[in-house]
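Working notes, structure below.
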Amino acid sequence: MPDQTPPIALDIEDLTVAYRSQPVVWDLDLHVPPGVLMAIVGPNGAGKSTLIKAALGLVPRAAGSVHFFGKPYDEVRLRVGYVPQRGSVDWDFPTTVLDLTLMGLYGKLGWIRRPGRAEFDRAMHALEQVGLQDFAHRQIGQLSGGQQQRSFIARALVQDADLYFMDEPFAAVDAVTEAAIVNLLQELRSLQRTVIVVHHDLDTVTDYFDHVTLLNVELIASGPTTEAFTEANIRRTYGSRTLKALGVS
Amino acid sequence: MQRELPSSVPLMTDSNSRRPALPGGIWRSLGITLMAILLFVLITNQFFNVRYDYTLLVVALGGAVLGLLSGVIGSFAVLRQQSLMGDALSHAALPGVAIAFMLVGRQMGALLIGAAIASWLGAQFIRAVTSTTRIKQDAAMGITLAAFFAIGLALLTIIQGQQNASQAGLAQFIFGQAASIRLDSLLTIALVGSAILLITALFWKELKLLTFDPVFAATIMRTQPVEALLSTLIVVVIVMGLQVAGVILMVGLLIAPAVAARQWSRRLDQMVVLAGIFGAFAGGTGAIISAADSGLPTGPLIIIMASIIVGVSILFAPERGVVWELWKQRRERVSFARRNVLISLYRHAQSHGDNYAWAPQELITGLYDGPGKRALGWLEQHNQAVKSGTRWQLTGSGLQAAEQFLNEHR
Amino acid sequence: MYGLEQVIIQFLLNFTSQESINTILNDPRIVAIIIGGLVAASGGLLGVFLKLRHMSLTTDAISHTILLGIVVAFIVMSSILGLEPDLSSPGLILGAALAGVGTVILTELVQRSGLIKGDTALGLVFPLLFAIAVLLVSRFTSNIHLDNDSVIVGEIGVAWANTNTHCYTGCEDVVITPEHPAARVGRVCTNCSPGGINPRSPEAVFTEQCSNCGTYNAAEAWAQGLTDVQPLLVLWPRSITTMGVITLLNVAFILIFYKELKLASFDAALARALGFKPGWLHYTLMILVSITAVGAFDAVGAVLVVAFFIIPPATAYLLTHRLGWMLILSPFLGAISALVGYDLARANLLGWLPFSELIPGLTWNTSISAAMVIAQFIVFLLAWALSPEQGFVAAMLRRQNQRRHFEDQVVMGHILNHQETLEASQELATDTLHQHFRWTPARTQQVLRRLRRLQLIVITQNRVQLTEPGVRAALSFEQTLRTGS
């Protein structure tokens, strides 16, 4: 019996993305094996978020192809989860934490159908996983920043996807939330899920992630953290001046 | 900022968490609205001699249904931060009304279709300008609003110059005239209205997700059709509402009920239902007043009714309203003062080496002035301090309370 | 105002005769164009800063709510103080200015409550104030010329008819006594009444009465043929003076505070840090907008006036990036539109091309102010189409160029990345190259042909390769890509 799972979770070939003909991601090849926890790092404006959005078809690709588990995105939409940046929504929106979590199931529900008992139970379970079960009926504006981020992660968890993109989940959260999210990420990896995280903090890359992609418009390096996250690569990504400013050299 | 609790330890139970999702709130507001309507009908009937005959009932129902639709669909416009888009689109409808009139004459259906087309063109124009030039959304909306309105007015003045008899029918589109609603147009309004409500209910979850988080929505469904659906609903509701609210004030009917409803609700379904109720109330009562007193245009009356609801909501809504906020601040100030006075007495006693040492009242009033005095009174009433002349002493329970505060704060 | 007009007329009489001044001022077209041009100039100047501060819609709101200020001031002045104000009365202008600033403050207050965000607050405040104003107009001011139609459209024709009379010679009042040859004297029965004493009855008592006796000013006397002396008159439309003064006020404000306005419009935070008070400037700007809107109210009405603040500045913005040029272009374009607009309304372009006759049977007589706005809109559309930088014709050409350049770079970058590698043979085969980009084969071939023509690539044995200049071009492009290095 041949191995049923394809060897590559995310396969990006020759991807180029441009805003008004200004390249933001340039001729990028990226192959992510399944079951890894990967950070995407790079300076501001290096195209990290754009890379994710282009992979998900949220911004148009100027050239190149993207495959998930050997298939184009449209065929495997439900196997791919996404956590946008926390600042991308209006947290004063009248909705509850439970309701927000249920939104993760809308894709599986399809048009018109409403969430039922089973969906509620799954959402509550996801909220328990992120420690927000007692906040289920709160309006989302009443949460702290860290709790908001965790509710976003809960929404992704109910998607029950095989591959997750997370855009800066550690941005402006407290230490407790950061630890909780890291735990969840590692749990997901132990379940053979692939998680790709846009990350800012170079100090924690080695602790949190087993794979890393260094990006500055072009792909600088990608692979297991031990191999790719070298000083030379970091220097090539950030430029030596920036590196000194970060106190990494 | 709330204090964060570690996720591994059992979390403090949130007092709201087990409360069911407030359907009672909806029924309560429905009840209040029904009573308000009853009161309104009684007062207008008894004191202003408004006769609730068949014609007035039709007009009132028409206004109410249009208000309801505006409230429901306006909620989405407000939450998408597109409030003033409604203003631009309603102004943009005017040339459509005029052209339709020139082509087929005074047929409500044709006028509305013309209005919808013009309004839709206005939306496309705004999009085209913002996407191809450096001109921002606000200026693009201003250009559209003024230019389309001017074209509409120019056409209307031409029509008025040619057919004097029919001009009255068109002027209503500027300020709204509910009295023009007849039974057949009420039936049309009801039919289209039910369709709008049905569509909103059917695509509820898609509309909600698109409004809340369009980026995430795009990863799990095709958003263009939903986007188009929502814009169409907004345009249709604006165009129908023009009959009662008029081109200039339609934006108020679209957003005021939604803003008021937002203050009372924690969930979108509550907000939409409440906005519908508020809109219906404003639309119905505005239409009745204007029909009863033909000198007054309907639009301004509806807007004033809706604004009163907004004012009440902003002031008195629980957990958000201005009054609630002030009351909360006051309560916090008072309990803060009590605690400080208690701790001052305790510190004074400690510095004298005697838990029950007497402290002069000036010590407290010097530090906390009036609030300190009131706090002393409260402590005396609650048996935490006793007074002798102008000197104060902690009681046993006062001592305990002070120690507890200090421990909590460490 | 009256004194000011006299000074102006005296000055003009140095150059020209009273007759030719009157000929000009009697022509509705010229008066309408002068007033429209002044409104356009004022609005166009202020509008530039409003546009840069993203306050276009605030202007819209203010132009509606000044109506409330006007109506309330009107009611107060006429029913409490017993005056007869018109739109150039200081009281009404003050009321309008207060209403305009009040709108802005109320909106900011609502926003500050934190319950209602951004634009929505504006959308709540101005319909309410406007609604109150409209109801007051329908209820309390039915006997004056302020009605809901003129609120919407305004009418420059009214501005033309609304004049101050200035008299130069032959200005003496004419007193008609019963002895005057022009006096109309008749016998009137003093004790007659219907059903009572009949004028024919002998009891009827008659007295002589003069029906037109009294004091007439020179103009009235001449008009009624009561005197032979023709007075030398100048009929001066009041709106010209009002709008002229307002325009000068706006020009002065911009000249004096140019530097501050420029800074505050581009970077309010920096302006504050440098010690300017953008808040103060902000409210002054709002007051000027309100005053300008009142001045224009007579001529163009509350709703259309907003176009004069928004459309010409936006047009200027399409044509230039420089603030100075915008301040020149915007009022100029507005004034041109006023001219074209008047002729559009009267279907008589530039005074000699009568296009109303093109469509027989159509009485072409539309609102002048609406036509002026339509003219502004047409100018805007032209600028949008033809602007060398932002026009969509230019943009289309540029975008095509950029796309080509970009495609070239994509292909060359791909070749550069792969030509020295092991998989070069499959990555760079000409017949499969398009698969890597997900382009159509035709598009890829087109790019390859272009690159070959430019001698940046060569194709040998069905494989593409960069030439020496090609490598250099690809490398230098890659250098420009990265940020932070």
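So that you can tell them apart, the chains are marked A, B and C in the order they are listed, and the count of residues begins at 1 in each.
As a working rule, contacts are C-beta pairs under 8 Å (C-beta built on N, C-alpha and C of every residue); 3 or more make two chains touch, one makes a residue touch a chain.
Please read these numbers as outputs of a predicted model, since none were measured by experiment.
Ranked by separation of Cα centres from chain C, the top chain is A.
Central chain assignment: B. Criterion: smallest distance from chain C-alpha mean to the mean of all protein C-alpha atoms.
Mean C-alpha positions place chain A and chain B at a centre distance of 36 Å.
The mean-CA centres of chain A and chain C are about 50 angstrom from one another, to the nearest whole unit. Centroid to centroid, with C-alpha atoms defining each point, chain B and chain C lie 33 Å apart. The residues of chain C that reach two or more other chains are 117, listed in rising order. With touch defined as above, residues shared between interfaces to two or more other chains in chain B number as follows: 81, 262. Touching chain A in their complex are the following residues of chain B: 1-2, 4-8, 11-14, 16-19, 21, 79, 81, 202-206, 208-209, 211-213, 215-216, 218-221, 262, 265-268, 270-271.
Residues 13-14, 16, 18, 20-21, 23, 26-27, 43-46, 61-65, 92, 216-218, 238-239, 242 of chain A touch chain C in their complex. On chain C, the positions that touch chain A within their shared complex are 117, 399, 402-403, 405-406, 409-410, 413-414, 417, 436-439, 478, 481-485.
Contacts from chain A toward chain B in the complex involve residues 56-58, 77-78, 80, 82, 84, 88-90, 93-96, 99-100, 103, 106-107, 109, 111-112, 114-115, 130-131, 133-139, 143-144, 146-147, 150, 155, 159, 174, 176-177, 180. By the touch rule above, chain C contacts chain B in their complex via residues 51, 54-57, 59-60, 64, 110, 113, 115-120, 122-124, 127-128, 130-132, 134-135, 138-139, 148-149, 152-153, 303-304, 306-307, 309-311, 314, 317-318, 345, 363-367, 369-371, 373-374, 376-377, 380, 384, 390, 392, 395.
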